[in-house]
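Below is one structure, written out as C-alpha cells; comments come after it.
Letters A, B, C and D name the chains as they come in the text, with residue numbers starting at 1 for each one.
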Amino acid sequence: MKSRIADVTRGASKVFTAALLAGTILSTVNAQPAMAQSTVVVAVSPLGADSNLYWTTTGAFILPSLQTLVGQDPETGKYDNSQLAESWEHNEDFSSWTFRLHPEAKFNDDWGPVTSADVVHSFNLHIGDDAKLSGISQFREISVGAVDDHTVQFDLPAPDPNFLFSHAGRGSLAIYSKAQFDAEGIEGYEAAPAGSGPFRYEGRETGQSITFSTIADHWTGASPEFDEIQFRWVSEPSTRMAMLSAGEAHAVTLPRDLQDDAAEAGETVLASSEGAMQTTMLFTGQFMNPEAEENRDARSYAWADVRVREAMNRALDRDAILEALYGEGVRTLPVYTMDPRFPGYSEEIAARFDEAYGYDPERAMELLEEAGYPDNFENPKIPLVVTSLAGNPEFAQMAELVQAYFDIAGIQTEMREQDWATGNTAIRGFSADFVTPMRNAPVRPSALGVQIFFTSQASPHLDVGDPELNKLGADLVSETDPETRDAMLDQMFTRIFDSYAHLPMATVPASVVVNSDLVEGWTFPGTTSSGLSHFELIDLK
Amino acid sequence: MLRYLLQRGASSLFALLIITVIVFSLSQLSGSPVDALLPDDATQEQIDIFIREWGLDQPLWKQYLTFLGNAVQGDFGVSLKWPGESAMGFVLDRMPATLRLGGLAILITLIIALPLGIAAAVYKGSAIDRIAQGFALLGQSMPNFWLGIVLIWIFSVWLGWLPTSGIGSFAHLILPAIAIAWFQISALARLTRSAMLEVLDAEYIKLARVKGVSEWAVVFKHALRNAAVVPLTYFGILAASILTGSVVIESVYSYPGMGWVAIEAIRGRDFPVVQAVIIAYAVIYMLSNLLVDLLYVIVNPRIKHG
Amino acid sequence: MNTSQTDALLDVRNLKVEVTTKAGSFFPVNDHSFSVKSGETLGIVGESGSGKSMTAMSLMRLLPKHAAKIRGGSVKLDGRELLTLSEKEMRKVRGADISMILQDPQTSLNPAFTVGDQIKEALKLHAPGGRKTLRERTIDALRRVKVAAPEHRVNSYPGEMSGGMRQRVVGAIAISCRPKVIIADEPTTSLDVTVQAQYLRLLKELQDETGMAILFITHDFGIVANLCHRVIVMYAGRIVESGPVAKIFAKPAHPYTEALISAVPSLHGQKERLTTIPGQPPAPTDIVVGCPFAPRCQYADARCHSEAPPTVAADQSGDHTTSCWRAVEA
Amino acid sequence: MAEVQISAQRPRRSLWQRSRDFPILPLAVLLIVFIIPAFFAHWIALHDPYVPNLRARLQPPIFFGGTWEYPLGTDRLGRDIYSRIVHGAWYVLAVSFIGILVGVVVGTTLGLIAGYVRGWFDGFVMRLVDISLALPAMLLALALAAAMGASFLSVVIVVGFALWAYFARQVRAEVLLLRNADFVARSRVAGSSHFRILFRHILPNVTNTIVVLATLQVGIAIMLDASLSFLGIGIPRPTPTWGLLVSDGRDFIATDWWIAFFPGLAIMLTVLSVNMIGDWLRDTLDPRLRQV
C-alpha cells in the first residue's frame, strides 16, 4: 500500500509536470506563422474598436476597409471626393443634402458596385437601437432616400450647414455592402465586413490587433506599397516605444516626452497637417446660471465667481505649460471649440487673448482678493480631475501643472484621481463639482462644438447655465444664413471668452512616431477621432 | 480522504456564493456602464434605450437573483463592451492564454526556486546560500511592472532576442512569464530554504545518514518529502498571486489574457464580463487549492489518518 | 590509556574534533582514546555538552559539515582505519558495520515513510535482495526487536505507533544489517521507566544473540551499572576516567565520577532528589587552564586550577585510568 | 541555527548573544532612506516637491551630466526627484503602516475569536479567509477605485484587505494551540471571562507572531501601493508616493532612466532592509514562523 502511494505521488507529480510542459509546448504549436515581409505595423493605445459593426462602437476608429461618403485632403483637411461621394449639394437652408456616388466605386471581394441602396441600408443599421456612435442621435431624425442608383438624398429636420462633418472626420456613417448583408446577414459583417476602401479586412484578435490586406487594383487607384497593415492595441507607451525601437512596429503613437526621446534616438515624428484636437480644462456645473439650479448650487463653488475664473486663467503660464505638455510650436487656443477652419472664428478674440488671458500672477492675486477668496467661499478648494484617456496621456500632467500654478497664485486645489468614466458619470448625473480636462477630437465645426460643451442644446449636462449662451444656442439651431450664424457664433465665443467660462489650452496636431529605417513619410490631416487616417499613404523606405 | 475533499469542495462552493454577492455589489458600486460605453455626447434617449436593454432599471435584488440564476448555468450575460460576445465565453476564450502564461510562470518558478531553495538549505552559509538569499530579497523588492519594462528593453530592444509584447509564439511568453515568476521565485525559494533547513535538522535525517543513505537520497528523498508540504501549501497562494500578478504584467506586455480582460472590463464598466472574470479567477484559485489538498494528502500520508 | 587491546573491535586513538563557531573554536572531543571488543558494552557517561554525542558522530563521520572537523587521531574498526576512507566507502560502513540508535524515537523516524520502508532502505543499501526477501528480512528485523504482528506493522507510519514501539523500530533499523558495533545515543531518555527497562533488556538480548559491541551513551549511571561492561566518563570534552564498571562503582577515582554515581537513583527505581553538583561546566569556548572540573570540585587545590592533570592509572591492573591530581598523588 | 548543535540540549543563547546578530546595516539603510525622510522631509528636501520648474525638465542626475542643484535629476515637469522621494517617504510609511494596521486589527481579532470559540464562527472566518485570498486584490482595488474614487483611504483599504487573511490564519492557528495550554485552562478555572482570557492571556502570546508577520508584510504593502499607482488607482497626484514616481517614470526607463530608477531604488532598499530586519525578528522572537 505504501508503494502504491509512492507510485501515485510519482505519477501525480509526473502528470502535473507533463501537463505544464505540454501546455507550454502547445502554445508553441499555436504560434502564428511568421509575418509577411511587407506588413506595416501600427501600434496605438487601445481605441475600443472591438467590433466589426462600426455603429456599435463609439466611433473612435473606423476600419480602413470601410469608407464614408466624404473624404478629406491629407494636406489641408478640406472636404474632398476621395471617398464614396463624387459630388454633393445642399438646398438653401442646409436641410436637404444630396450626394452623388462615384459610379466606379465597388465593394471588395466581388460584392458589386456601391449604390444608393447600400447607403440607405447602412444608414438604417447606424440608427438602430444598438448604435453607440458619437453624434448618431442627430441622424435619427433624418430621412434618407435613393434618388437613383448613385444618388442619395438626406432630408434633415433642421438646417445643418456642418452636415459634411458627419460624413467625413466624425465618421457617423460607414458604408457596408447590402449585397453581403442579403447573402450572409449580420453574421457576415461580424465575420468579415466587405468594404470599399483600399484595404480588405483579414481578421482580428480581440483586444489585440486588427489586420488588413491591401487591394490590388482599387477603384480609387490607391496602391499602398505594402501587402498588409496591422493595428496593434498596446496600452503601455513604453512598450510601444520598445516596439518601435526593436523594429516591430513601423509607426506608434507616443506621449510628448517619449516623442522627444524617440526623435533623439533617430526616429521620425510626424504630425498631422491640421490640428487634430483641442484641449481645455472645463468647469462643471451650471456655474453661470444666475438662479441656482434646483439640481445643485454651482455657485457654492469658487468658479461661480467670474473674478475667480479670471484669476485662474491669469494664474496659468500657458506658454510654459503647453510647451511641457505638447512641445514647441503648439497653438494656444483662445476659445475651446473655436477653430480657424470653421465658420465663427474670430480674429479679434484671438488677438485679445494675451491681454485678457496672459500670464499674470499678480493680477490673479488681486482678483482673488477682490473676490474675497478664499474666505467668502463655502468651498474654496478647486477639485482638479486627474485622469487618463486613450489618446490623451498628457491629461494627468495637465492637471498637475495647473495645480502647481494655482498654488503659486494662492488658489487652493484638491486632486481627484479618477477614470474617465467616473467623471462622465458625475457630469451626466449633474453632480459634477470639479474642473476636468476635456478634448474636442476630431475638432468639430465650431457651431457643433460650442453647443455641446457650453449650451443646453446637445448635451445639457455640459451646459454652463448661462441664459445668454443658451438663448444664442437655441437660435443658432434654426438659423441658416451663414452671415447671421457667423455673427451669432462670434457673440457666443465672445461671451465665453469674456466671462472666462473655461481654461482653454491648445489646438494640437495628431502625431505618430515612425521608425526612420522603415518609413519615409506619411501625410494625414488629423481630422478623425483617432487623428489617424490615409493609411494608404504610408510611404516605406 | 474522499470525505475530506468533498468537505473542502463544499466549503469552496459556499465561498464562491459569497464571492458572487461581493462581485455583484462591487460592480454595482463602481458606477453605471452607461458612461463607459456610450460616447461623451450621448443623448438621454440613447441612454434610456441602453438602460432598458440591459435591465439596469430593475431593483438590485432582482438583478442579483437573475444574475445568480444565470451564473449557475454559466451564463453571465452578454458583454457590453465587446458586442456579440457572451461574457463567460469571452473570459474563457482568454483563459488559455492566461493559463499558458501562468503555467509557464509556475514552471519557471518551480524549476528555479525549488533547486535554489534546496541548495541554499543544503549548503547553508555557503556562497550559493548567500546568492540565493540575495536573489530572494531582490526579487521581493522590485515592482513587477518595472521589472517587466526593464526586461523588454534588455531582451527585446537591446539584445533583440525576444518580441516586446503581444501574443503568438512561445517566445512571446518568455518575458512576461519571467516578470511574473520573479517575485514568486524569491518567495518560494525562501520558503523552501527554511522548510528544508527545518527538516534537515531533524533526527530522522540523522538516522538516514546513519543508515548509510547517500547525501543525495537524504536530501531528495527524506528531507524533500517532508519539506515539500510547505511549498505545496504555498502553491494555492502562488497560483492566486500569479493570477493577480498577471493583471499588471499582461497590461505591460499587452498580452490579451484574463488580466487584460479584467482591467478593460472594469474600466469599461462591463458588468457581465467583470463578474465572469472575477468568478473565473476565484474558481481557478479554488480548484488549484483543491489540487493542493489532494497533493497534500498524497505527499503527506499522515493527514489521511488525522 | 596505554592499555592497547589487540583484540579490540573498535579502537579509537587520540581522536580530536574541532568545532568552529562565530564565538570561536574549541575541541569538544579532545584526545579521546578508547576501545571496545565484540560482545562488549562500553558506556560513555557525561553531562550534556560534555562531548558524548560529538564523539559518537565523529565515529560515524557525520559531524556538521562546515563547523566541525576531525583534527587527528585514528578510528579502527576490525583493524581498518575509518578516518581515511572515502565518503563512499564510509557510507558502506554506516548502517552495515557501525550502526546507531538516536535519542528521540518521536522524531528519529521519517513521518512520510512507512516503518517497513525505512528498515528496508538500510537493507537495500547494504544487503540487496529481491523484493520478497527484503520484505521478509524487514519483518524479521521487526520481529527481532519484539514488535507484535510485524507483517502488519511494516505498513504503518511512525505517527501511528507509540513511543516505545517507535524506539524498537529504530532499534530494528540499527540491527537490520547485523552491524558489528552499535552506538546507542541516550536511546531511552524520552521513554518512561518501564518501557526503558524493557528496551534495555531487549538490547542486551540482541547483543547476546549477535555478539555485537555496544557504545552506550548516557548521562545516567544507573543504566551504566545495569548494562555496561566498561565505562568512560567525560567532562568538558575530555575523558576524565575510564575502567570496568564494577571498579568504577566500587572506587571512583575522579571526583566528577564520584558525584555522578551519587546522583544515581536508589535501586528501587524511585527518582529521589539527587545529589547535584554545584556550578556549571565551562562553556565550550572558554579557555580552560588547569583541570576543567576544578571550579566545581570540592577537593580542588591551587594546582588543580593552574595545571591540567595527566591521565594516570587508578590502580595496579592498568584497566582503570583517570586524570586527576589526586590520583597522581596517590 | 548559526551555531553547531553540540548536544540535544542546546544552551540557551543570551539576549546579548542574539542581539549581536542584529542587522545594523539594514537598520541604517532604513533610517537613511525611509524613516528620516518620512519625518524630516521638510528639512532635508532641496526643492518643493510639487512645484514644476519647466525650464529644468528632465535634468540628468549628478555624475551623469547633471548638477548639484538636482542631485538625482528632475522629472518631466522639472521637479526634483530627490525632493520628491524624500517627501514621498511619509506617504509610503503612512500607507504601509495604516494598511498593515488595518490588516492586523481585523485579521487578529477575527483569528483570535475564530480560534477560541471554534464552531460555526471559525468555519465562517476561515471561509472569509478563503474568499479574500481568492479575490485578487488588484481587481478589488480597481472596482473599489471605480466605486469610491482612488484616494489614500481606498489604498489603505486595499492593503488591509490584501493582508488581513494572512494574520487571521496565522493567529487562529496559534490560538488553536494555545487555547488548551495550562495557563488558559487555569484562568478559565479561575473564572476569567472569555474576553479577558482572549485579550489578556492569549493575545500577548501571539504578539510576537503578529509583529514578525507585520514586518514581513511591509514589503508587500509597498509593492501593492506601487502596483496600484501603475494602474492609476493609487494615492492621487501630485502626492509623490514612490509607487507613483516609479509608475510615472516607467515610460522613460530606456531614456530618462533616473525618473523611475531612484524611486525604484528607494523602494528596493526599504523593502530589502525591512525584510532583513523582519527575518532577524522572526528568527529571534519566533522561530516557528520560519515558514511565513
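Observations
One rule holds for everything that comes next: a contact is a pair of C-beta atoms (placed from the backbone, for glycine too) under 8 Å apart; a residue touches a chain by one contact, two chains touch by 3 or more.
This structure is a prediction, so every number in the text was calculated from the model and none was measured.
In terms of C-beta pairs in contact, the better-connected of the chain pairs B-C and A-B is A-B.
Of all chains, A has its CA centroid at the greatest distance from the CA centroid of chain C.
The mean-CA centres of chain A and chain C are about 86 angstrom from one another, to the nearest whole unit. As a whole-number value, the distance joining the C-alpha centres of chain C and chain D reads 50 Å. One finds 53 Å separating the Cα centroids of chain B and chain C. For the pair chain A and chain B, the distance between mean C-alpha positions equals 36 Å. Residue positions of chain A touching 2 or more other chains, listed in rising order: 236, 238, 242, 245, 419, 421-422. Within chain D, contacts with two or more other chains are made by residues 5, 146, 250, 253-254.
For chain C, residues touching at least two other chains, in rising order: 103-104, 113. Contact residues of chain C toward chain B in the complex are 60, 62, 66, 91-96, 99-100, 102-104, 107-113, 118, 121-122, 125-126, 157, 159-160, 170, 173-174.
Residues 31-32, 34-43, 45-47, 49, 53, 81-85, 90, 93, 99-100, 103-104, 106-107, 149, 152-153, 156-157, 160, 163-170, 173, 251-254, 256, 260-261, 264, 267-269, 294-295, 298-299, 301 of chain B are the ones touching chain A in the complex. The residues of chain D lying in touch with chain B in their complex are 1, 5, 123, 126-128, 130-131, 133-140, 142-144, 146-148, 219, 223, 226-227, 230-231, 243, 246-247, 250, 253-254, 260, 264, 267-272, 275-276, 290-291. Contacts from chain D toward chain A in the complex involve residues 50-52, 54-55, 57-58, 76-78, 145-146, 149-151, 232-239, 250-256. Against chain C, the residues of chain B that register as touching in their complex are 124-126, 202-204, 206-214, 222, 225-226, 299-302, 305.
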